[in-house]
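For reference, the structure I am asking about is given below.
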Amino acid sequence: MTDTVLETRGITKSFGSLCASDGISIDLQAGEIHAVIGPNGAGKSTLIHQICGGLRPDAGQVLLQGQDVTALPTAARARKGLGRTFQISALAMEDSVLENVMLGALGASGRPWRFFVPVMGDRTLRDRATAALERVGLQDALHSRTAALSHGQRRQLEVAVALTLDPRAFVMDEPMAGLGAEGSKTLTGFLDGLRDQAPILLVEHDMDAVFALADRISVLVYGRIIATGTVDEIRRDPAVREAYLGDPA
Amino acid sequence: MKKLLLTTALAALATGAQAEVKVGMITTLSGGGAGLGLDVRDGFLLALAQSGRDDIELVVEDDQQKPDIAVQVADKMIQSERVDVMTGIIFSNLAMAVIPSAVNQGVVYLSPNAGPSQLAGRGCHPNYFNVAWQNDNLHEAAGAYANTAGYSNSFILAPNYPAGQDALTGYKRMYEGELAGEIYTQLGQTDYAAEIAQIRASGADSVFFFLPGGMGISFLKQYADSGVDIPVVGPAFSFDQGILQAVGAAALGVVNTAQWSKDIDIPVNQAFVESFQAEFGRLPSLYASQGFDTANLLISALEKADPSDNDAFRAALREADFDSTRGEFRFGNNQHPIQTIYAREVVQEGDVFTNRIIGVALEDHADAYAAECQMP
Amino acid sequence: MSTILIIEQVLNGLQSGVMLFLMAAGLTLIFGVMGLINLAHGSLYMVGAFAAAAVAGVTGSFLLAVLAALAAAAAAGVLVETLVIRRLYAADHLDQVLATFALILIFSEGTRLIFGSFPLYLDIPSWLSGPVTLPGGIQYPLYRLALIGVGLVVAMLLWALIERTRIGIQIRAGENDREMIAALGVDISKLYTLVFALGAALAGLAGALVGAIQSVQVGMGEPVLILAFVTIVIGGIGSIKGAFVGAILVGLTQTLGSVFLPVLFRLFLDPATAMSLGASLANMAVYILMSLVLIFRPTGLMGARA
Amino acid sequence: MIRERYVNAALLAGLLAVPLYALLVDEPFTITLATRAVILALAAVGLNIALGWGGLVSFGHAAFFGIGGYSMGILAFHAQNFMPLDLGFMVFDGTKSMPVIWLVAIITSALAAFLIGLLSLRTSGVYFIMITLAFAQMFYYFAISWSRYGGEDGISIYIRNDFPGLNTLVPIQFFGICFAALVLALWLNARLVASPFGLALNAARQVPVRVQTVGLDPTRLKLVAFVISGAITGLAGALFADLNRFVSPSMFSWHLSGELIVLIILGGVGRLMGPVLGAVLFVALEHFLGGLTTHWHIALGAILLGVVLFARGGVIGLLCGPKGQS
């Protein structure tokens, strides 16, 4: 594990007197799943926003494949290979499943400025989209309206859209949220295989999934990383137990 | 009686089959300017009813004071109703939208209110007759009155649009004194505190303003309350019967210019005032008198010629052989009136505010554009 | 241009500003609490003016007229809220625009049906008419001074109502978190009706007060409505403080723009061009102000960050 | 529920059949009325691209309608009065040729839409509604005091402009021109919606953040939609001016912006033929109600209220069910 794909260097972000990110340095290596856990209000969302481009850090840098992307907007980071899924599904609910994935493929192609050709007739885009749907097992729901999908299916669709981009790194914001035990298990299995394609920065509340998937875990409390290590290291870390699990050491 | 008259008019509308002459009236019956259109229409209806003729079919349509609606209604009247004569438009901008194209399609147009300068000068047309005034006339009269009243330092204001610019030009054409100030206000403006402050500071000896409709009401009320007591002169539009009651005491004593007043002491006018009041339960306005005169002009021409004989009909109209409520009335070469314009003063009669003639502002006055008109 | 004249013009700007505030406050409250774009707010202003004119015509009392305006506008507000507006809270802005646009048509034509097409008469009461002399020798109409006073008092009462009373707490809660106030056991539909009636009453008050120095006629609410929207957008939608700042800004811009722009242009243009160019630019001034504010602060001066 | 495709086809066929029938029975005014409906529909089709697909509630589309109108007015004014237009860098005689006028109308309104859109898209929601209104009001007041071109009075063009090979003064021929423009715009609209751009725009309306995370810029997508939208509305403005042979600042008024929105909601937002159905219904209501009573605004208001309260999704939604189901 020497190939750093995604990295933050001391990023800091304050909202008024509240310091939501306090010098966070975190990295994602090729082939790994790196989980970020922390109690509510620890600053996980703020961190993700800064990595993906929704927020500009007050200080520090974000690097993607060694390149400084701190000043780039979300769309540019996506084009450089950052694939993201959302905690609350961000899908075009009025559209079909295929259309949502086609959007990803279209973004990957970088050619949205075509006004007269039917998008559905574009074989390249369509192949790319259907391939992604097959990966997540949604090939049968191709023409369903997204609004009609189950919660679990929407999660799968989120991942499929990210897959069409063929990203260098995934950033996933609580993909297990709202899934039942069965759904979590399926998705866990799927993500397990995904790490070979691109490493995953996983922000997650579901500890079973985290412990099952993560190669490394970072613990975020009040805007600071208090510990980073393997699952076992984190389980044993007294600071984590105290701060996060509330156990007196 | 009111009901009766309207029924007669409606009956005339319904039994179009036997009518020989079809008249299309496009006027403003809804929106802020509706009061003016209603008066023109009612004056016109009254004259028709009094003539006792049942061969004139009148089609009335609302233009909503919107130029595009007016054009649409005009198309309808010309294309579908196939009217011979058109009339009724109140506002100059609507007139300019409708009249040039209508007269070019062979329709005779009698204007009961608007008189834009373009149609009086080079744009005059044998099919276009103005029975009210050229737009500048009343402003010119105000300028002339200012001279006779001995004013030598006027502050003048009008809204920033063509009729407003024409108003100030018209006043300055006759007025011989100095200007203490000249302001264009916003069209539709309702607060004149800023202008009144400037008037107060200007050291003027008189104020001339042209602010039609609600603008004039607002200005006068605010002016009266400001404590500025410089005398005010204006065209009749802001002091007419329809809106005087809304202005109230604020208008008392103001001098305004008009070609008509309800106290012009001739029988035809007295009869008109009386019958209008009996019919509609309100005093007639300037606009009502113009509607009434327009209808009587039309009837006088119909006595002599049929509209289908275009030349004869126009010749008959040009003679203006009818008894006008304003006394003597004749057309100039551009088929606009040559008439006397009076200075009136706002007075109170019982509960009602109205006007009284205090003198003649301009005698036998023609407009300034007639010379540019190519018609003999 | 003398100092006296400048002070007088600033007073004029203030006066039109505080009256605009009465309109804008209701509009911004209704938007902040219920999320409703109410194009028919100008109609409530008109209702207030007509009610005042009608009552003043019968009783001759200005105070009764103002009370009638408040009552009539509030009643119209309650009526409209329970019959129509209530069904629109969950709808998107587009539906609200169409429905309240329809209400304008109905109100305007209905008023014409009742009162006719001629403007009505409403005058300043004798005890408020005429000018007074201010320190520095400025002659200023008493009625306009009174308007400034009333406007400021209403602004303060409104501030106290929202910051210091139970209802105010509920209104503020309603702006931030609807589930929260429902959870607190507040009858949300009553609260909405109340807020709408309050906004309507303020509009009606403005209509009556301004009606006395303008013409009371159908359609009088529309220009004010547009200006009130401009005001709350400049101030930041939902913020009473923003509405106040916006109203004063708009009032001053309009008044001072129309006076000073032509003078300014006269410095480097011939008088006729300066006058007409200045006048047209003055017409556009508030809209230019609003677009500048929005370009640099996309949610208004005091609006919540998007 | 009826399939939307059938409703659309019936609507277009009806819109073509009515004036042809009117021609047969010699009722030229009905043709004029249909032409008016077609032109308003065209303007609303333009707005619908921004509003229905881009989610941009523009309360200022009158700006583009008016710019189109004034393009016609100014060019034809100089041509009819034989007063060359001195542009500084070149002198132009003006023109009475419709195709040239249309081109100018489309280019100028697209340019204006680009500038207005660029600034307005910094805001969203109600702020966007109001800033677009503000820009239209600026044009309105500018036109009112632009005395060179008639100010409030506007410009009268005495004879309708020319189209090669046609006599535009014959109502049915002018109707044909406008109808062709509408069909072309609808075709363009349909192609646009199905194109890659349409897919991205549609997503940009619903979930802009998603569009960003696939590497596209939603604001730029919306800006392009706004420009296309403005250009079509501008063309409609030029045609409207030719229908009336008259241009005035009222083409810039906020009532007109409001009316265009009303047409779309009445017919159905984001439905291909929504604006067309809306315009036909509106013109028909205006004509028939207006013929019954001068107080027809009350009835119109009640009908519009009814549509909002009881027919969400407009009349097309009422006939064909919610969007995306057929």
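In order of appearance the chains are A, B, C and D, and numbering begins at 1 in each one.
Going forward, a contact is a pair of C-beta atoms (placed from the backbone, for glycine too) under 8 Å apart; a residue touches a chain by one contact, two chains touch by 3 or more.
In UniProt terms the chains read A = ABC transporter ATP-binding protein; B = ABC transporter substrate-binding protein; C, D = Branched-chain amino acid ABC transporter permease.
Keep in mind that this is a model prediction, so the values were computed, not measured.
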Chains touching both subunit A and subunit C: D
Centre-of-Cα separation between subunit B and subunit A, whole angstrom: 74
Centre-to-centre distance between subunit D and subunit A (centres being mean Cα positions), rounded to whole Å: 43
Centre-of-Cα separation between subunit D and subunit C, whole angstrom: 32
Gap in Å, rounded to a whole number, between the CA centres of subunit D and subunit B: 36
Shared-contact residues (touching 2 or more other chains) in subunit B: 29-30, 160, 165, 186
Residue list for subunit A, restricted to those that touch at least two other chains: none
Subunit D, residues touching no fewer than two other chains: 141, 144-145, 147, 295, 297
Touching chain combinations (by label order): A-D, B-C, B-D, C-D
For the subunit D and subunit B complex, residues of the former touching the latter: 27-30, 32-33, 36, 141, 144-145, 147, 150-154, 156, 158, 171, 240, 244-246, 248, 250-251, 290, 294-295, 297
Contact footprint of subunit D on subunit A as seen in their complex: 52-54, 73-76, 78-79, 83-84, 86, 90-95, 99-100, 102-104, 106-108, 110-120, 122, 125, 145, 161-162, 164-165
Complex contacts: residues of subunit D adjacent to subunit C: 51, 57, 59, 119-120, 122-127, 129-131, 133-135, 137-138, 141-142, 144-147, 254, 258, 261-262, 265-266, 269, 295-298, 300-305, 307-309, 312
Residue numbers on subunit D that touch subunit A, as the complex places them: 191-192, 194-200, 202-203, 206-207, 209-217, 221, 224, 323-324
Subunit B - residues contacting subunit C, complex: 29-32, 34-35, 38, 160, 165, 182-186, 188, 190-191, 193-194, 197-198, 200-201, 213-215, 217-218, 221-222, 225-227, 242-243, 245-250
